[in-house]
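Scroll down for the structure; my scribbles are underneath it.
Letters A, B, C, D and E mark the chains in the order given here, with residues in each chain numbered from 1 onward.
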Amino acid sequence: EGVKVGLMFTLSGPAAALGEQGRNGFQLAVAQMGGLGGMPAEVVVVDDEQKPDVAANKARELVERDNVDFVVGPIFSNILMAIHKPVTDAGKFLISPNAGTSNFAGADCNPNFFVTSYQNDQSHQVMGAYAQSQGFQNVFLMAPNYQAGKDSLNGFKRSYTGGVVAEVFTPLGQLDFSAELAQIAAYQPDAVFTFMPGGMGVNLVKQYRQAGLENIPFLSAFTVDESTLPGQKDAALGFLAGANWAPDIDVPESKAFVAAYEAAYGAVPGSYAMQAYDAAQLIDSALRKVGGDMSNADALRSALEAAEFKSLRGKFAFGNNHYPIQNFYLTQAIKRDDGKYQTSIVQTIFEDYQDTYAADCKMK
Amino acid sequence: MSVVLSAQGLRKSYGALTVTDNLSLDLHQDELLAVIGPNGAGKTTLINQLSGQLRPDAGRVVLAGRDISDQSMAQRVHLGMARTFQITSILPGFSVLENVALAVQARSGSSFRFFRAAAGQRRLNDAAMAHLAEVDLDADAQRRAADLSHGKQRQLELAIALATDPHILLLDEPLAGTGGAEAARLVALMQRLKARHSILLIEHDMRAVFALANRIAVMVYGQIIATGTPDEIRANPRVRAAYLGQESV
Amino acid sequence: MRLMGRDLVALLLFAGFAAVPLLANLLQDPFLLVIATRMLAFAIAAMGLDLVLGYGALVSFGHAAYLGIGAYAVTILMRLGVYDIGLHLLAGIAAAVVFAVGTGAVSLRTRGVYFIMITLAFSQMAYFFFVSFSALGGDDGASLPQRSTLFGHDLLENDLWLFWLALGLLIGLFLVCRAIVGSRFGRVLCGARENPQRMQAIGFVPFGYQLTAYVISGAITSIAGVLLANQAEFVSPALMNWHRSGELIVMVVLGGIGTLSGAIAGAVLALLLEETLAGFTQYWKLWFGLFLVGIVLFAPGGVQGLVARIKLQIGSRR
Amino acid sequence: MLRVEGLHAGYGASQILFGIDLQISEGEAVTLLGRNGMGKTTTIKALFGLIPSTGGRVLVDGADLTHAAPHVLAQSGLGLVPEGRQVFPTLTVEENLRATARPGGHWNLARIYDLFPRLHERRRNMGTQLSGGEQQMLAIGRALMTNPRLIVLDEATEGLAPLIRADIWACLRRIKDEGHAILVIDKNVDALSALADRHIVIEKGRVVWQGSSAQLMANPDVKDRFLHV
Amino acid sequence: MTNLFLLQLLNGAQLGVLLFLIAAGLTLIFGIMDFINLAHGVLYMVGAYVMASFAMLTGSFWLALGLTVPAMLICGLLLEFTVFRALYARSHLDQVLATFGLVLVISEGVKILWGSAPLTVPMPDLLSGSVGLIGPLKYPVYRLAILVVGLASALGLYVLITQTRIGMLLRAGASNREMVSALGVNVGRLFAMVFAFGAMLAGFAGAIVAPILSVDTGMGESVLILAFVVIVIGGIGSIRGAFMGALLVGVVDTMGRSFGPIVLRMIMEPAAAGQLGRTLAPMLVYILMAAILFARPAGLFGRRAE
């Protein structure tokens, strides 16, 4: 008798690096805790291939065939949209270690759905608030043209009321940003805010510096982080980002985690790994609380809601919508003495911050 | 004899090269008109324009008094014109029978029929077999056309043209590549076809040409330099110089 | 004789499918039905593609667009309050026909690789259109509130019924396609593949036939889209990404082009491999890739080619 | 120089050749005769390694080249003018001639253009834009440009006008007089008799008759039986 | 505004040259040898990864580049020997299937070897920094270098294909292998060499662009389609066409992105213009291709077959 967890991450294609962090973070936690909730844990890992229809099927397979007790995943919002219904309809718990869309935070919140990361808009709001606090008047906004890109710029503008010189949407997967960089050079804005995950972010950051624009502050979210820094290296140094954690956060458990992760996987963990680690701790804590008895779903849910574990972020609590209430920071890319790159906390922007959609959530 | 097909002032050039140069030619009812001329004279280009494969730069193609210059190749087939190609053009993956049956189908009924199996349609197959027998290919009916030897493919080429049930046949070197026995059979076949069809024949086999033709037109550098009965042409010194040489005809 | 062999493969596949519910019962694994339904949908799509690709030599690299069109027909109609699967199928087919007539007429001006690329271009346009269509979820896609209804009943909520519907559609469409390729129309289509010049010289204008085939093919593939939407209860533009178009081509070639039943076999084989390999190793794509290379190198003609060779072997031994 | 012994070959499952024997000495002209579909072209293909032979041997100057690749046979001195011309469609006339040329012999561009002035006029045209006869000239010119010791012509004069045909025969005679060997297939049996030293008649993949021109002329029933002329 | 326009034109041309550099090897293998090689993109990716590794090992850009080129040549020979050799005579669809399989194998292999985090190649000092153009606008030296390399490879390929016997033999061999071989040319060896050369070009492109683009497992796939688009727009088999196609795609894409919204805003209300602009931008290249193929079914410089 043990607990069975299905992990669904993007493990192939260009974004595999993110999924691997999530998978590694979770598995590291399970290994360190010797199971979950004091029980042996069986972890089934599946690859969603970043294709929603594939993901929807695999999610069904996890709950219907493998009969897992929890599904942990995914990285991407569109995958979350696809797997949410099959998992929650089956009465299983879905814990998202990264994607946190606004609909599930608000009107569509679900008792069986928990998020250990953030609501998607929040990191962008952090940067908006920072831009506001710096008194910027002309900010250049840029994001890829898809839902998450649009959300990010809206998030930024929610806490930034200054002027916007231009709002540029680039095609998804664009390689060369010279046209946009020329526009930036022509506008000479106070700052640039962007959201360019994955390879796009690597390209943009390198080309940004090569174009000689580094004296214009570069604000971003999910663009300069531990998943992209190995590709950006020196080009990203000093670039700012909003996040709920950084490897150098002053939490002893986190320091230990970073060391253990680097030892095990040879790379600096990012928030994807951290949030998955916390997801494992969350399950662990809840199982302990119910004494390993998963037959009573309501009890298990209450145990999850209590979130009685030592988050790597320090303080952590769930809001009414099962999204976290946590601190958000301004981070900066740095080079460590050992030559590796990571983000580092500059200042706290929001404390105990809850997303703005929680009010719409009528959790039954 | 009435004119069934006439080329009027056809001109076609590729860059500086004028391949048919203001060329006019009449094909009469139930005659076999042979067009001969050196390589590259423009004979195939003439057929291409008559059949609609090529648009002339200037000039008209008139079929039984009707200007068909604007009609497509397919439309001209439905008006009763068929052609063969000098460079064999068959459906290589089809069986020999299917090649011909498809040509029969082109002139009989709509081909926008989706459900009844074509393979079993007796009407198509029987007609096709009859045409194959005419060119002596009935024994090869079930073979894949691509697997036929070159000479037999040439025979198939002719059978396909016949199967569209034309009044007018434009034949581009039908004897090329066929050996003695087969050539003789084909000559005999054309002799028979002459009675029912108007034929424009391009051929470098002079024995066949002089045996078959009612009239011969000689084409050199895109122009007709002489037209006449076989005897007239045989005797024409310009034709000898430009084309026939010492060939005994 | 050749036809017999192909039909045999199809019969075996259908029988195999029909046994799935029993198997699912025996193995206590209802999920088999879900997998099988997905296979059926892709089999329909691949068979639709084979109609133009195999018989018309028109390599459409944009057939995923029709999957998307079918799937979005379901989403849109459901948002309008229409739940009946018959209407979904009709709407999907109608939309596919409109799209196919428009893009097909333009695409058929080109040949060969140009045709491949222009069909890709149109499907990419459709893809990006739905990516930026926020009301339908844009890039994220959206879940369906429920499955389509059948004569007003929500029978299809039951995986078994959906499976039988898909199997019924596959068999029906197979018979339709089989009749089409053997018909007068099918002959002309194949003839245009073999030698368009010769076809014109015997009085056919290939364009009309090819366009008709392209439209039929698109319509069939859109039916698969309707099924996929119902099966996953989720619709997103990823369904019409060029990867999908590529996968459909892979399925057809894997099974053996121009055989219909080969396309079905290819779809089944591809999904089966994916399903099983993924269970063994995280690097299943590596093995899948090796398998594809191996098939081309050592078994040209795909599944059907293999079957034909085995038959030849048996025949010559007798 | 060329010796073929008991050659067997076919396409896939269907066997076409059942033991063809032939030999050609330096400077000799030999013809292959036979009705349509009897295996003449197949013999050439098997000889050149274009289809695999399933039995027998092919020897060039005593060296066994039975299973050698086509280019090895070509390099050993064989030049091919294939049935159906097969000029390279995406190359210009001049490129067609130059692409596979092997310099060092009698033939060069100037000489080819001399032989076929028509090709010179059309030298910048693409291969497929030529008339049928011009393509045939090009195919012959292309083979000559490899300066072969034995030139093999499959349907040597198909589609050529009488004057050119006469030129070709004259040209072949010249080649022969220069000491090169010739293997030729053509339907003009009379012209061939004037040119060739020996004739080989093939029927259903077997050699059914061999002899000199004189013997062929003297034996009308050979023509009658095997060639039906 | 005119300044920006000129600069964007330059940017467009530069993107075009970058695309040509990537497409150059494809032109050779697909355009000339008529072999559909979907694995071209992953070879480009492998080139970038190999370059990144050598750069890490040697610490020198130039040394790494010098090592990457022969390494990719060997890689190409190896692939040719094991897989491609058997595919020349096959149909395009078989080639698609097999090379699609190779894409999976190589991508997965790269992930196993190098992991999935993006890598980088530092820019050589000699070529870093930017030069001033007009006003505050600057231009990176490295991109100018890419421009030069791209033009040089275009010219080199043009000479190779149109002026040399190898070029003729390639074109001849692509249409009729048997005949070329029967005329005494060892087509197998020739194709192997040229194929390896094409692979090397792909790898070289990957190595060269590594300092400005992300070296990740998705890089091959994202350019593959674009490279095909470029070649098809130009007309298959024409180097000149591929080059013009690349420039056209680069310029249209860049100009469309930067000035499209402005133009749209002049003819419709801003919100709708923004929405439409965003929808159209990623489609632009495809619309361009469809339009060109509509007007000229065999591309800009392609010869109409038949």
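Note that in this section a residue touches a chain if its C-beta (ideal position, glycine included) is under 8 Å from a C-beta of that chain, and two chains touch if they have at least 3 such contacts.
None of the values given here were measured: they were computed from a predicted structure.
Touch-path distance (fewest steps) from subunit A to subunit B is 2. Chains touching both subunit B and subunit C: none. Taking each chain's centre as the mean of its C-alpha atoms, the one that lies farthest from the centre of subunit E is B.
Taking each chain's centre as the average of its CA atoms, subunit C and subunit E sit 31 Å apart. Separating the CA-averaged centres of subunit B and subunit D is a span of 28 Å.
If you average the Cα atoms of subunit A and of subunit C, the two centres end up 37 Å apart. Centroid to centroid, with C-alpha atoms defining each point, subunit B and subunit E lie 48 Å apart.
Along subunit C, residues 131-132, 197, 285 each make contact with two or more other chains.
Listed for subunit D are no residues, as none touches two or more other chains. The multi-chain contact residues of subunit E, meaning those touching 2 or more other chains, are 108, 111, 278-279, 282. Applying the touch definition to every pair of chains gives A-C, A-E, B-C, B-D, C-E, D-E. Remark: subunit C residues 53, 59, 106, 109-114, 117-118, 120-122, 124-125, 128-129, 131-132, 196-197, 242, 246, 249-250, 253-254, 257, 283, 285-286, 288-297, 300 touch subunit E in the complex. On subunit A, the positions that touch subunit C within their shared complex are 11-12, 45-47, 51-53, 56-57, 60-61, 64-65, 77-78, 81-82, 84-86, 101, 145-148, 150, 172.
Taken in their complex, subunit D has these residues touching subunit B: 11, 14, 34-38, 41, 83-85, 118, 122, 129-137, 155, 158-166, 187, 189, 223, 227-229. The touching residues of subunit E, counted against subunit C in their complex, run 36, 83, 86-87, 90, 92-94, 96-98, 100-109, 111-112, 225, 228-229, 232, 236, 275, 278-279, 282-283, 286-287, 289-290, 293-294, 297-299, 302, 305-306. Contacts from subunit C toward subunit A in the complex involve residues 29-31, 34-35, 38, 131-132, 134, 137-143, 228, 231-234, 236, 238-239, 241, 243, 278, 282, 285.
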